[in-house]
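Pasting the structures in now, so scroll down.
Common to both upcoming complexes is subunit A, partnered first by subunit B, then by subunit C.
Here is the complex of A and B:
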């Protein structure tokens, strides 16, 4: 029973990390109709930025988190303006946007190595205690931080996208850019903000998991693909779906590793992705943004 | 369906780009050599052998090829090896080189990929026409590329620690680093010495980690140590919570891990946070870097059998020979290395240098034949090759990490501190 409880808690903690990444994917798709493969690498950049602010520059943790988010927002915004928007202005096919993000992903990885080196860096823990006991199970406090951050981001993003003027204009811009432009919406600016927000969320995940896993150049590679799988499972473009999809993926992984074999945990995660793509591509939340048109 | 199409095309694009990345890398050496006047760099191996000597024997240079992982997640070991090679080559060249021939290095980035290793080794042999090869610290790369090096009759010294590639019948391939399978035997002896009867095993999927865990489990059978559970993880994994849960549920008396690179610190940390406080035997010695990631308290009681230690600072080192080498590295690069590959590379080059002296020639066949007579005081003990195994190290030392960057002799620790450990951790074992 103790192992079951431990797997549930660990699965939720892991899933919440995937959820944060999945939300970034969903936000970009929801607001701009575009796909990106750079979220995992922005998580890595976020971890390195947090490391720089918190450990190297010795800034307070909360200041480091805010600065990391701000810098990541700028990176995401500039990525949209400098690469994505330029390609969109050329009326290229969507696949070229995807290819561009893959290229940027490699650039970010190598850039991180050039700036911070290939060494694994330790991120000092921000909590006084190393482990918190929940139902008799030891849990990393950073894991709980990720769970809390995921829930908060999910709610805030949903409110932002549905209840605010900017969020509504973002959705309008994604649904029909030309009509949105004619209504006075600055589509380009909206898309840029979306990419910035997504980058900020991924960077938060990076700074939170740094103390758990250490910081290195491929930290976000696998997490990025898992986050993508979580987003698809939940319903690509749906914030609640991203959260639920990420959590389910985290739970499946830990339970497969716990009760079947750790050899198969990644295989099962991707099998589930394939199953969803075949059986229910609109995901658990039947996201309208990705239904046939 | 919009999403299906987009995802299918995207995945195809990822695959295409990955393949392109593998196949279209810049094939130029990362550190191109300049061909010295009078060398025979353009000649074929057959041509060299017909003339009864190597390029170096004709007077000018000894072309040393190397392949190392210089980019990617675990490239710190490759980069520190590369740095050490430059340092040792200068050291040897200042003292006259190999039989008067100055060593010239040609290095390629093998990217941690066996496929890439095969490709760049082919270039080293066929295009650069190197006189000998050193590399890689990744055993899987050596396992992939070793056959063609041996078949080409090029003298090679590997820097990896797995038992797999040295088990091949490759008479031109030698090693001056440790053999993990031998160390696994020592580790099993350490477990017996502590009186433990069972163990949980966790291993990575790289060649060194996997083969060492396999060897360890076989060794345990002969020593009446029961393996309660065996857990694995994939190369890009960051989360080990399920493996930790299973290990904790199995309630082993001790844990043996064959992790490497970026996984050591996070695994130790997650294992401790998951509730296991006991002794953790490792195939690798605990570095300060890994201890920092794991946390000082979590890193305590990680034990390993290894010839040498990794130090937090030069002042912590009490072995004069190692101190001297670390000082050379710090003088040159401004910091000491974070991994123990510096010792591997230093020992390797010293052995090769000695072989060239014994042979009186730099020809691969002469170097190979001279190895049986090579005796070098390595940084971790004596290196000898007279038993036909092509392995240099035949002894090791047993350590346990006691925190703050310090290791203690394992036997001494059992005698002096084991009871304190039990009371601190609340464990029976």
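Here is the complex of A and C:
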């Protein structure tokens, strides 16, 4: 029982990271019909930025989180404006956009290595206590912070998308770009904001995961690829599906590692991904976007 | 006229082969440079195989490292545990990879671009994990897999120069086969599917069947390239089959220009030279490579062949304009 509770909490913490990544994928796919391979490496960058602000510059935790988010937003926005939009304007084959995002992910990953280091950096703990007890089980407080903050992010994003002017225009631009344009919405601007927002979410995920896993250059690459499994499971392009899919993925992975073998942990996410693509590509939330590629 | 063009092409190909055969002499017989040249022959076969899939039938795969792994490990395991000579097990492994490719393509053929790439990424990762955590550790897991080097019916290919000539022979055979496939009824069906799947279906092309055939052929090519790698180096490590490798194949194919005979060849040669050249920058190698890649994609999508075609077209247009101007005057 003790192990079960521990696994649930670990699974939720990991799952909320996958959720954040998968939400980025879904937002971008909905807004521009594209797939990005940089999310994972933006997570790495976010973790390193957070490390820099929090450990090296000794800023308060909350300030570090917000600063990281802002920087990542700018990175994502510039990525869309400087690379993706340029390629779209040239009307190239979709494969070049995919390849461009992969090239950017190489740059981020190796740039992080050049700027920071190739060692595993330790991320200082956020709270004073090492563990708090839940139902008699000792839990790292950072993992609870991770779950809580991720849920908060999701709620905030939901409010932003449904209740604010910018969010509504973003949804309109995603739904029908031409109609939105004729209503006076700046579609290109909105796509840029979407990319920035996705980058911001991914970077925050990096800060949350830092205290649990440590920070290193390939931290995000694996999480980024596995995040696709969460996104597809929930229904690619569906924000809420991504949240649910990510959480399920995190739980499944932790339980497989805990009860079967950690050797199969990584394989399982990909088996889920491939099975969902072959059997139910529209995912749990039956998102139809996948069919109109 | 048509015959003339055909013979021109043939002559160009022959010249290319002669140049390829002279490469070791030009490299001064340096063993290291010949090793690089041998890698190039392997990559040419791999990139050409991917070209059959992407360039001609319009399906993407971001997981071809899986077939590269199946070729390498398959050939090695068969020769080690079943005692089949490596040269024969290379073909067997490639055939097995083709069957696996067909089995994968059966459900995957209904997926469109982005999601097909996701499915192939997942497949690639699953094969990678299997190589890392194999049953009974037959692949040697993270210690790597050792094998004897290639010998063909008693003729030992123990030096890199000897292997290079074998590699060139393989390239010639595989490119001939590729060209035969592409120019055949099957190849025309591929192009029809690429251009417009619905229209192809309407004309009576069995879309799923041909998509599966394309997958099987490209799996065969890439797996054979993988087994050649084993024959050349005699050692495999799971980390060779990360997603990076799949991306490398795609990059080579696109850099030269897809759906052409020369494209993957040019791409494989130039990317391998660039990567080797950047080796002097050590830990900055991949960073510079990434930047270079991004710049090339943004500046000339369409690859080297595409860029050359554009320049030629622009030149002709200017010439035509000049002529038109003259006529008006």
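We take it that the second predicted complex is superposed on the first by the 289 of 293 C-alpha atoms of A that agree within 3 Å, B and C clash if a C-alpha of one lies under 4 Å from a C-alpha of the other, contacts with A are read in each partner's own complex, and residues count from 1 in each chain.
Just so it is clear, a contact is a pair of C-beta atoms (placed from the backbone, for glycine too) under 8 Å apart; a residue touches a chain by one contact, two chains touch by 3 or more.
Just so it is clear, the model here is predicted, and its values are computed rather than measured.
Asker: Considering only the touch criterion stated at the top, classify A:232 as touching first (subunit B), second (subunit C), both, or neither.
Answerer: The answer is both, since A:232 touches subunit B and subunit C.
Asker: Determine, under the contact definition given at the top, whether A:13 touches first (subunit B), second (subunit C), both, or neither.
Answerer: After superposing on A, A:13 lies in contact with subunit B but is clear of subunit C.
Asker: Which partner does A:168 reach: the first (subunit B), the second (subunit C), both, or neither?
Answerer: After superposition on chain A, A:168 lies in contact with neither partner.
Asker: Quick check on the superposed pair: does A:87 touch subunit B, subunit C, both, or neither? Answer first, second, both or neither.
Answerer: In the superposition, A:87 contacts subunit C only.
Asker: Going by the touch definition up top, name the partner, subunit B or subunit C, that contacts more of subunit A.
Answerer: B
Asker: For A:188, is the partner it touches subunit B (first), subunit C (second), both, or none of the two (neither)?
Answerer: Once the two structures are laid over each other on A, A:188 reaches no partner at all.
Asker: Which partner does A:271 reach: the first (subunit B), the second (subunit C), both, or neither?
Answerer: second
Asker: For subunit A, give the residues common to its interface with subunit B and its interface with subunit C.
Answerer: 35, 94-95, 98-99, 102-103, 106, 110, 113, 118, 232, 236, 263, 266, 277, 281, 290-291, 293
Asker: Could you pull out which subunit B residues touch subunit A in their complex?
Answerer: 1-4, 6-7, 9-10, 13-14, 17, 21, 71-76, 79, 231-234, 236-239, 241-246, 248-249, 261-262, 265-266, 269-270, 272-275, 289-290, 292-293, 295, 297-298, 338
Asker: What residues on subunit A touch subunit C, complex-wise?
Answerer: Within the complex, subunit A contacts subunit C at residues 29, 34-35, 83, 86-87, 90, 92-96, 98-100, 102-107, 109-111, 113-114, 118, 225, 228-229, 232, 236, 263-264, 266-267, 270-271, 273-274, 277-278, 281, 290-291, 293.
Asker: Quick check: in the complex, which residue numbers of subunit C touch subunit A?
Answerer: The contact residues of subunit C facing subunit A are 54, 60, 62, 107-108, 111-115, 117-119, 121-123, 125-126, 129-130, 132-133, 243, 247, 250-251, 254, 283-284, 286-287, 289-291, 293-294, 297-298, 301-302.
Asker: Quick one: in the complex, what on subunit A touches subunit B?
Answerer: 2-3, 6-7, 10-11, 13-14, 17, 35, 37, 94-95, 98-99, 102-103, 106, 110, 113, 117-120, 122, 125, 130-131, 137-140, 209, 212-214, 216-219, 221-223, 232, 236, 253-258, 261-263, 265-266, 277, 281-282, 290-293
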